[in-house]
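What follows is a set of structures for review.
Okay, so chain A shows up in both of these, paired with chain B first and chain C after.
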Partner chain A sequence: MTAFGASPERTARDLFAQAAGEAFDDAALEPDAVEELFYGNFMGEFAEVQGHQGPLMAEAAGVSGPSTRIESACASSGVAVRHGVNQVRSGQADVVLVGGAERMKNISTAEGTKALSAAADALWEIKAGVTFPGAYSLMANSYFDEFGGTREDLAHIAVKNHSNAVENDLAQFQMAIDIDDVLEAPTVSSPFGLYDCSPMSDGASAAVLVSEEFAEANGLDTSVAITGVGQGSDSLALQDRVSIPETPAAVEAGETAYEDAGITPEDVDVAEVHDCFTIAEVLALESLGFYEPGEAITAAREGETTIDGELPVNLSGGLKAKGHPVGATGGAQISEMTKLLRGDHVNSDAVSDATVGLTHNAGGTVASCVVHVLEVVE
Partner chain B sequence: MTAFGASPERTARDLFAQAAGEAFDDAALEPDAVEELFYGNFMGEFAEVQGHQGPLMAEAAGVSGPSTRIESACASSGVAVRHGVNQVRSGQADVVLVGGAERMKNISTAEGTKALSAAADALWEIKAGVTFPGAYSLMANSYFDEFGGTREDLAHIAVKNHSNAVENDLAQFQMAIDIDDVLEAPTVSSPFGLYDCSPMSDGASAAVLVSEEFAEANGLDTSVAITGVGQGSDSLALQDRVSIPETPAAVEAGETAYEDAGITPEDVDVAEVHDCFTIAEVLALESLGFYEPGEAITAAREGETTIDGELPVNLSGGLKAKGHPVGATGGAQISEMTKLLRGDHVNSDAVSDATVGLTHNAGGTVASCVVHVLEVVE
Partner chain C sequence: MSDTRNEGFDDFLDAVEDGDPYYLEGPAGDGSLPPRRIDPATGSRELTEKPLPETGEIVTHTQTHVASPGFADDAPFVVAVAEFGPVKITGQMREIDAEDVEIGQTVDIGIDRSETMEERLVVFRPSE
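Coming up: the complex of A and B.
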């Protein structure tokens, strides 16, 4: 992944070319080894009036063959990774490039907010005045009503994720915050203050996925493998859900990925989950089976998901502090988790015994979700 | 496919729900049999400020499981079909829903033209003032310069495709035109007049794809099968191409699909190709190996691709007369070709001996292309 942050002078193609180049270096492969590109982007139409980014990004990365742009809102590149994995598994390709990019800081926050709203239901949510901070605050308030919990519980999640990012050079906010910072920040949409919300970001991510056979035949690094994939969907509009503070698309994605990898939630040592808002991390941990519904709200506060906890969550800093260039986020989770498991992430020491990592990437109010299981291969 | 045309009061979700419902009826399956959705849409961000259409369309169609929106400009649903085929072939699903939708007539022609421009290079083509009629007219003039040919040659393509659509109730223009109509029409971008250009359209398409095993186990119609798929890419901007009047992405897609199906161009009995502009049909026929470069310009004029010719092309009416709701077009080609081969299309009688059909769906100025081979299964 590129460093996430504000680089309004750089185009999405420029960002993706950098990420792809670093992926090729890391994989010790040349671009011409790639047979197909799966690329995620969400809001290029709004930020650059640029669709049809599949062939554009193939050219930027120097690869040929089929190229497909996947758009699943903030899960765009996570879904691109899944389809890339499936293409390799099906035997139709040995080497694919996956990833995504997003440019968000070259337009105003108002324009960005409008663009992001395209991930919700234009007819039944956006026309009623809901923005994404608003939609997730409905989920948070509904959670509080149903299960209990407080703004301060959520604040611990923001503090934790900022803390994890302090030494991560790729993170947008390498800055510690405390509980008072969170609670005293300007309100965005009650119960959220500024620090409950992930930022607008520019950035790109990329990974080279290869078949086991190709890796062995070419003497490539096989220390970490994607062993499980899962994707799920839900009603786009919150109003059509059975329960507002639950995310069944994540349940479906998680269960599918666990079964695919032949593991259970208990086997997971470290996780990167989609904390676009603090409440989202809570919903993710419950949907993924790490906690019962209503139980994850205190996980950060109790230290269970902190860097020295039983299940460290978002050691990268998460979307909150690493940044959230939406179309790049799912691929960035794969990149950070690979480094964490391989031992070359700044926070790897905290999980030196970890062998199983999980990534959870969500679109909209989790109307779509994709989960990957990564494992250390001996 | 739904009837193509102007239905500005209907949302894309409404159109896709209709197409999916008709596909379920045709397949004799209930929506709950579907395991995954691959859905193509190009300009929903501009027409409806609606992205994230995967879960939206899954809900509209009444299906659950993973749902993915594919965006490859005007090849969006063709690419969605390919990924759906690959998912079934890989053994990861027995039943998938594929298709696409586009809403174009609820916005002005100027807004629609801006939206379509997102399929070209925003930095190097659109900012230089190129629109899609302009880009394809560059291709036509370059073709004339390199290989010869006249506006009147192109006019025969428009006349042929309109003629094919006269009895097709799903077509936008069920109206015959003659050569003078084409040559005397207002100029859009020289050498193109109005009748050289496909229209703005609303519409949707859908198909249920099933594995051979599932079809046999459930006694479903297996009279037509997709036996070959291929996809290719090229530089997004015309200026980066080696040759303006050639489309190597279509060559790559075609050769891959032929090899996949184990056939050659000579085996193809009937074709639906992406005639967004009259010249595009010429370039398609040459790239697909039916003609040498420079030779297809007179194919319609000589009657070789007419309804009673050796290789009938665009018996549906093509994009020109059937209409071109861009995200629905690739899926509509599959729908029309299936009917042609199965014997229940209004123009089936003209190809009653046909056993092999080909569909060619292009994005932008053929920066992306997908080809499918469909065969009658005895």
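Coming up: the complex of A and C.
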């Protein structure tokens, strides 16, 4: 993945070319080995007036063969990874390039807010003034009413994820914050202040997926494998869901991925979850079976998900501090988790015995969710 | 979006303005909102218009300070989701201070226009 942050003058094609080039170097493969591209992007039409990005990004990466853009809001590149895995598993391809990119900082915050809200229901939500922070705020206030919890509980999640990013040179915010910083920040949409929200970011991610046979035949170092894949969907609009503070698409994605990998939540050593807003980390941990509904709100506060906790969550800094270039996020989770398990991430020492990692990438208010299980296989 | 009507959705707004709001009932007694051709709960194509309950109950709310450009002059505003029998509807609160909005409050549905774009939107007012 590229460093995430503000590079407003760089095009998405340039960002993705960089990420793809680094992925080729890491895999010790040349672009001509790739048989197919699955590429995630959400708001290219808003930010760059650029659609039809599959062929564009294939060319930027030096790849020929079929190329497809996946758009599933913030889950775009996670879904792209899933398609790549399925393509390899089915025997349709031995080498697939997956990833995504997003250019967001070349437009104003107001225009970016408008672009992001397109992941919600255009009739029933956007026409009522629902923004993305607003939608997750509706979920947070519903959660507080149903299960309890406070803004301070959420603040501990922001503090944790910023702390994890301090030494991560790829992160947008290598900056520690404290509880007061979070609680005293300007309100975006109640109960969220600025530090409850992930930022707008520029960045790209890429990974080369290969079959076991190809890796063996070519002597590739593939010490980490994707062993479980799952995806779920839900009603797009919050108003059409049975329970607003729960995310059944993540439950479905998680259960499918666990079954696929032959593991249970108890086997997971480290997780990267989609903390686009602080409450989103809570909902993810509960949906993935790490906590019962209503129980994950205090996980960060109690130190259970901190870097030295029982289940470290978002050691990369998460979306909150690493940054959230929407279409790149799911692929970046795969990249960061691979490094964490492989031992070459700046925070790998915190999970040196870890053999099973999980990534959770959500679109919209988790109307889309894709979960991957990664395991050390050497 | 363009000024062209959105069939189903704008029909619903018209019905609210006319004092005759409705929802769509599926064969299992479940509710949904237009535009629909297929019942999301059962897959049935048998959808029947039913009168929307006169009052709803707020199930969640938020006060938005950072708005999209289309609501820039409206901010801050309160968005709420209210439950009217078998359907939930999203709208903005009117005739109540933001700090007084609570989950569980009873509201009436109406139509207002946004300040920024002067577009129609669903609003809720505290029931008398």
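As a convention for this text, the second predicted complex is superposed on the first by the 378 of 378 C-alpha atoms of A that agree within 3 Å, B and C clash if a C-alpha of one lies under 4 Å from a C-alpha of the other, contacts with A are read in each partner's own complex, and residues count from 1 in each chain.
One rule holds for everything that comes next: contacts are C-beta pairs under 8 Å (C-beta built on N, C-alpha and C of every residue); 3 or more make two chains touch, one makes a residue touch a chain.
Bear in mind that the values here come from a model prediction, so they are computed numbers and not experimental data.
Of the two partner chains placed by superposition, chain B and chain C are both touched by A:Ala122.
Within the superposed three-chain model, A:Lys114 lies in touch with chain B and with chain C [touch as defined at top].
Of the two partner chains placed by superposition, only chain B is touched by A:Glu48; chain C is not.
Once the two complexes are laid over each other on the shared chain, residue contacts for A:Gln333 go to neither chain B nor chain C. Using the contact criterion defined above for the overlaid structures, shared-chain residue A:Ile70 touches chain B, although it does not reach chain C. In the superposition on chain A, A:Asp145 contacts chain C only, with no contact to chain B.
Using the contact criterion defined above for the overlaid structures, shared-chain residue A:Pro186 touches chain C, although it does not reach chain B.
Once the two structures are overlaid, the count of chain A residues touched is higher for B than for its counterpart among chain B and chain C.
In the superposition on chain A, contact is made by A:Ser235 with both chain B and chain C.
When the two complexes are overlaid on their common chain A, residue A:Gly134 makes contact with chain C while staying clear of chain B. Shared contact residues of chain A with chain B and chain C: 114, 117, 122-123, 126, 235, 240. Those residues of chain B that touch chain A in the complex are listed here as 11, 37, 42-46, 48-56, 58-59, 64-73, 79, 82-83, 86-87, 89-92, 114, 117-123, 126, 231-236, 240, 249, 252, 363-364, 367-368. If you check the complex, the residues on chain A that touch chain C are 109-111, 113-114, 117, 122-131, 133-134, 137-142, 145, 186-191, 235, 237-240, 244. Listed in rising order, the residues of chain C touching chain A in the complex are 1, 6, 9, 32-33, 40, 59-72, 74, 77, 79, 81, 87-92, 98, 103, 114, 119-122.
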